[in-house]
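Here's the structure we're looking at; comments come further down.
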Amino acid sequence: MLIAIEVGLLILVPCVAFVALWLRDLMSAVIVLGAYSFLMCLVWTGMGAVDVAFTEAAVGAGVSTVFFIAVLFNTTRNITFNPLDVSSKLVALVACLGFGYVLLQGVSDLPDWGDPYSPVNAGVSTYYIENAYADTHVPNLVTTVLADYRSVDTMLETTVVLIALLGIFMILKKDRPAQSDSSDTQAHDSLIIRLSARFIAPFIQLFGLYVVAHGHHSPGGGFQGGVILGTGLILMAMSMGMASAKRLLSIPRMIILAAVGVLIYAGWGAVPLVYNGYFLDYSVWESVFGSMARSHSMLIVEIGVALTVMCGMYGIYMSLVSDGGMQEGL
Amino acid sequence: MIGAMGIYVTRSKPNGPAISSVVAAIALVASVIHLMAYGARDVVDVVSFFPGISVSFFCDPLSLIFAMVASSLWGITVLYSVGYLNGAHEKNQPRFFACVAIALGATMGVAFSANLLTLYIFYEMLSLSTYALVGHHQNDEARVGARKYLIYLFGGSIGLALPAMIAVYALTGTLSFSYAGILPEVTPFPVLVVLMIMFLYGFAKAGLMPFHAWLPGAMVAPTPVSSLLHAVAVVKVGVFSIVRVITGIFGYDLINQVNLSQVIVYIAAFTVIVASLMALYQDSLKRRLAFSTIGQLAYIIMGVGLATPMAFVGGVLHIVMHAFGKITLFFCAGAIYVATKKKYVSQLDGIGRQMPWTMGAFFIGSLSVIGLPPTGGFISKWFMVNGALEAGFPVIFTVYLISSFLNACYFLPIVYRAFFKNPATMDDVAERPLLCVVPPVITAAMSVVLFVGAPFIIRLIQGIYYG
Amino acid sequence: MSSQWAFLAMGIPFFTALIMGSVGYAAPRFMRWIGATGITLAVFASIGLWSTVSTDEYVSYFFGGWLPPIGIALEVDRISALMVLMVHGVAALAYIFSLKALPNELPASKHPVYYTLYFLLISGFVALAVTGDVFNVYVLFEVCALSGYALLAMGGKKAYVPTFNYVLMGSLGACFYLIGVGYLFIKTGTLNMAHLADVLPTVFFSRSILTAFILITVGLFVKMALFPFHGWMPNVYTKAPVSTLCLMAPLGTKICVYVLLRVVGYVFSMEYMTNILAVQPIMMTLATLAIVVGTLYVVYHRHLTRIIMFIIVSEIGYMVGGIFLGQMDSVIGAVYHIAADALMTVTLVMVAGVVRHCLGGDAIADVAMMFRRLPTTAIAFVIVCLSVIGVPPMPGFFSKFLLIKGAFMSGYYGFAVALLIASLTAVFLFFRFFEGYFYMKTDNTAPSVIQEPWAYRIPLVVAAIGLVGFGLSFSYWYGFIKLALPLGLA
Amino acid sequence: MTTLSYSVAIILMTMGLWAMLSKKNLIKKLMGLAIFQTGIILFFISMGAKEGATIPILDHHGYGGIYSDDYANPLTQILMLTAIVVGVATLGLGLALARKIYAHYGSFNEDDILANLREPNE
């Protein structure tokens, strides 16, 4: 039964992707792409990857779509057509065929799907599953690997969000302040939307906080929580209009907060250096937190992640939607 | 020994004008003489790069002879340059002297290098420092000449000599010169031929045809440059490098064994004849001298390439003799230019009567280049001609004779014009300035002295061949 | 614990960046001091790392105290220490240079963000050189790439389209690499390089490993702009601001070459590459073509910046060729050339920048009388050109020497010929510039002597001295690199 | 199932690549990139899946023994978490650039932009 659903989904997914690419109206294509992401989440949940599915739901289906729309809203949704350029299509075709061929060549040798004894599953990951709780007292294995065993990856990944925020800010920011702010979107004229957004937003924020804090025991963590918090802010910004959103949180302030988020992470990790330990070695805190040292440390770095991701998502959205109009502040 | 090396490297690169150059030149000559008296054949490593390769120097009679010639002529040239540059109102004199000094330092480096890499490094340094000299006038003509100069020299050294050098290193694992040769005897013949040709043309400074075109082009440089560098330092460095490669990398044993002489000799013979014929048709005095140089360089290569004791002695001796002879000729050409602004052979009617000393020196110099007694050129040619017979190359023997005849054909008419033809207009021209006249006279005298003193040098050279 | 240097080398610029990002807007005046302190400390750290590996040969650093393959480790051998030294050295020069160059190119309000990204980029490069984890490499690629995109896009209006293409191509390269890692991972279950190298020989004959090899190398080729994947590079670099270019052009592609060496030489092993796959002929053809194509393009361009870009294209060919020749000397040559070329490129780019700012253009026609007008720059330019041409005792000569020797020993004569042609073209090309500023007269609108500001002169002088020193100390580096080479070299 | 999930992943990647290379519209190219990345993620997740295993969150806090067969592979999942975040960051940057390009050239179409790019230069 479960397998049948999986198979169905797997067949559906490429079809939706095809539609997304084929549609000639960009806005519809983006919406279909969002649907595609949701389907993907289902597939992954079926394969046991709840954390990934959660993130994809928040990021792929949620924030990405918002980003796309933010840009399309200010530009155009139409696709212009040129006479068919056969040669470039041909090159692309050859490249794709070659690429697909190489990949398929490799598949024939791969271990069976779902085989618990394949090298991937019997390799390093066995250690994580069997020892993670003893090492860290955190039941969510994904969180432990993410925030402890492979913590540097996560730190760098958070940095990537920071970089994206900084980069987008730099690219879109105008060199001179805009003459008039009249182009800013005003508060949404529909009272219902404005009120309901105000009503929903706090709950979203609360949920985001829960996801961050409870990431040790359930799917979720800094990233997912951060994205949700960011989404809450985005919703507020949408309903309140640009001017008030700007008052709420300006982009430079976002940048500082995002940098501070990574700094929390890296700074916490740097403390062991004082004791001549390894970077991100949380065991130095055992004298303070006892056996929960690693668990608590993970929470702290997750908060840093959440802060950066929240500011990142919100800042990116604001930059995209306002065309870098928000330069004042601080 | 190391102290002496220090003198070359440091003292030979003063950044100042003429006087310090003169001092340095005297010091250099003194130290070379010192080396001659006490010199050992030790190898001195300065910087080591990787196994089998380092910057290292050594000193053998061959390098001594070459260093002696170059350094003593440098001193004379510096004197001459002072006269010439002031006479011709040239600009940028400090740069000029600095570059000449660097070039000479590089020449010394080539003379004393103990392996191919060191030689190559100084070879390139020489190309660069003389580039600025060739382009000294900074006008369009100089630019074209300098560009040609550079393309030929770098094209040869990077395109041919460098890969050949690397190939040698790949084959043998070393680049040090050794009179026994370093290439293994089992090297296949085609490889040897290719390598030899790459070296012959790679050291394009030697001016073997068709890699000769830079030399006439480089004549746009001020005359002291032409005389010192393009009669002595630069071209002789090319020849010297080839001599080093033939004796030190291939080794005479190998060359005789596989009969490589033929390759070398016929390439050189071709150059000799063609260059001499072309020299006949040049009206510009300096260009005529340049083509003559090309031919004479090929003589030397031919001599060394014949691979017999006689011819080798002749070849090396000719480095010395030709240097003194040709520099005299160039000095004279420069002196004429300073005095009269005349550059062309056809303008020289009757000039001998106005400038008797200069043209007298010119006469002696041409005798030496043609190879007639009582000048040094006679002795070196004598050895080479005999060497050709000894090696069993009657064709080469003929080539020597024909080209000597051609040499006479293109030099003697100049002398004839200068002394016996009446000039079209009588300008008021006299010998001046003093510093332009004395050096050619000295070098011409040296050519004669060398005729007498040749046995001493010959003994040195024979020491190389048999030692 | 001397292995701390391994972390500090990447950590110091990282923290510098974060501090800059946090306080930048509040106290813009302190920015340049924070940056200067950071870069000085980082250079010290890299020297510390260098001296450590000189005695210990090998340094491992375990993040979080977890031993690999459980955790992520930094593994520093002598070659990576050299790379770290190179990155910090070049970054220091570029930073000093940017102090003066950036205000010409970017409004002051963007500087704090700019420098934050700048230092993140530096730490990304360093981390790429020392990391011992194949997935970490992917993350670091993205750190470098994203900060690079943003810094490159600062060239103004004309930079956007090429940067957009670069975003696509860079992501594509990273994705290829990631899929390749996926195939490796699926057959071995590990991501640690050393562990992979242990496990891989048992599955050498699997098709998935072949696929992984192809994908990873192609991904890296895209990232390093090897022909025929070089299309994105010249455009995006030419339009970028000079201060970004000083950092990106010397390091961006070179570090990918080093990652290639690491993956091919240490993870897959040379034996796999030469004996089992026998891809050497294909790779050598690509490398040779890269050199030839780069050289051909060079001839057709008149602007210094563009010329430098195509020189990079062909230099990448040198290094890739050196790695795939599989000879001991050629690999040493390639590694040495990575560092030498980084130094050469940064000098060239700085010269181009000075010329652009002081003379108003970087075409041949603009450099007339440069010896008179910008003496320091002119001399630095001559020195670096000699090195690019390969005149001894400049570093360019020695690497070329080793590469050509390697080509002779393994019979790839075409590669040797291509190298020589490239050198000859470089002679032709640079002397066109020399002629320009030696012979050409300017119309006298410009002042006769323009003094370069100190922030331009210092890095130029240091770079020129560094080049000569690096060449003269070649024997030291030869021995230094030799001890860390991958196994199985002829 | 074995070939299916891998094949779907490969189809998605190829589709993404096709869009990135052949589509003229910048936004479509970015969508192609997004699809490419999800293909990769699917590929990784598939390799970490286990028949009959549950999500990688330990129940009863590990008392009573933990067996690696019971839980899906956490390692591939965290790798992909990273990939997703990196993906969205890249997407944001790409969109920002696309937006700037639109502001300057008035089009998302590559051909129009190139034509526009050439004109002012020559």
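Note that the chains are named A, B, C and D in the order they appear, and that numbering of residues resets to 1 at the start of each chain.
Convention: contacts are C-beta pairs under 8 Å (C-beta built on N, C-alpha and C of every residue); 3 or more make two chains touch, one makes a residue touch a chain.
Model, not experiment: these values are computed from the prediction.
Summarising the inter-chain contacts, the pair of chains with the most C-beta pairs in contact is A-D. Note on chain placement: the centre of subunit A and the centre of subunit D lie 12 Å apart, centres being C-alpha means.
Rounded to a whole number, the gap between the C-alpha centres of subunit B and subunit D is 70 angstrom. One finds 31 Å separating the Cα centroids of subunit A and subunit C. Averaged Cα coordinates give subunit C a centre that lies 28 Å from the centre of subunit D. Residue positions of subunit C with contacts to 2 or more other chains are 135, 139, 142, 146, 149-150, 153, 160, 179, 185-186. Within subunit D, the positions touching two or more other chains are listed as 13, 17, 47, 76, 79, 82, 86, 89-90, 93, 97-98, 100.
Counting partner chains per residue, subunit B shows two or more touched chains at no residue at all.
Contacts between chains form some other arrangement here, matching none of path, ring, star or all-to-all. Across the whole structure, chains are in contact as follows: A-C, A-D, B-C, C-D.
By the touch rule above, subunit D contacts subunit A in their complex via residues 1-8, 10-15, 17-19, 21-25, 27-28, 30-32, 34-35, 38, 41-42, 45-59, 61-62, 66-69, 71-82, 84-93, 95-100, 102-103, 107-109, 111-112. Against subunit B, in their complex, subunit C makes its touches with residues 386, 389-393, 398, 400-401, 404-405, 408-409, 416, 420, 423-424, 427-428, 431, 435, 438-439, 472, 474-475, 478. Subunit A meets subunit D in the complex at residues 3, 6-7, 10-11, 13-14, 17-18, 20-21, 26, 29-30, 33, 36-37, 40, 43-44, 47-52, 55-56, 59-60, 63-64, 67-68, 70-72, 74-76, 79-80, 82, 85, 88-89, 91-93, 95-96, 99-100, 103-104, 107, 110, 112-116, 118, 120-122, 124-126, 128-130, 132-134, 139-142, 144-146, 150, 153-154, 157, 160-161, 163-164, 167-168, 171-172, 217-219, 223, 309, 312, 316, 319-320, 323. Within the complex formed with subunit C, the residues of subunit D that make contact are 13, 17, 20, 26, 29, 33, 36-37, 40, 43-44, 47, 76, 79, 82-83, 86, 89-90, 93-94, 97-98, 100-101, 104-105, 113-114, 117. Of all residues in subunit C, those touching subunit D in their complex are 135, 139, 142, 145-146, 149-150, 153, 157-158, 160-161, 163-164, 167-168, 171-172, 175, 178-179, 182, 185-186.
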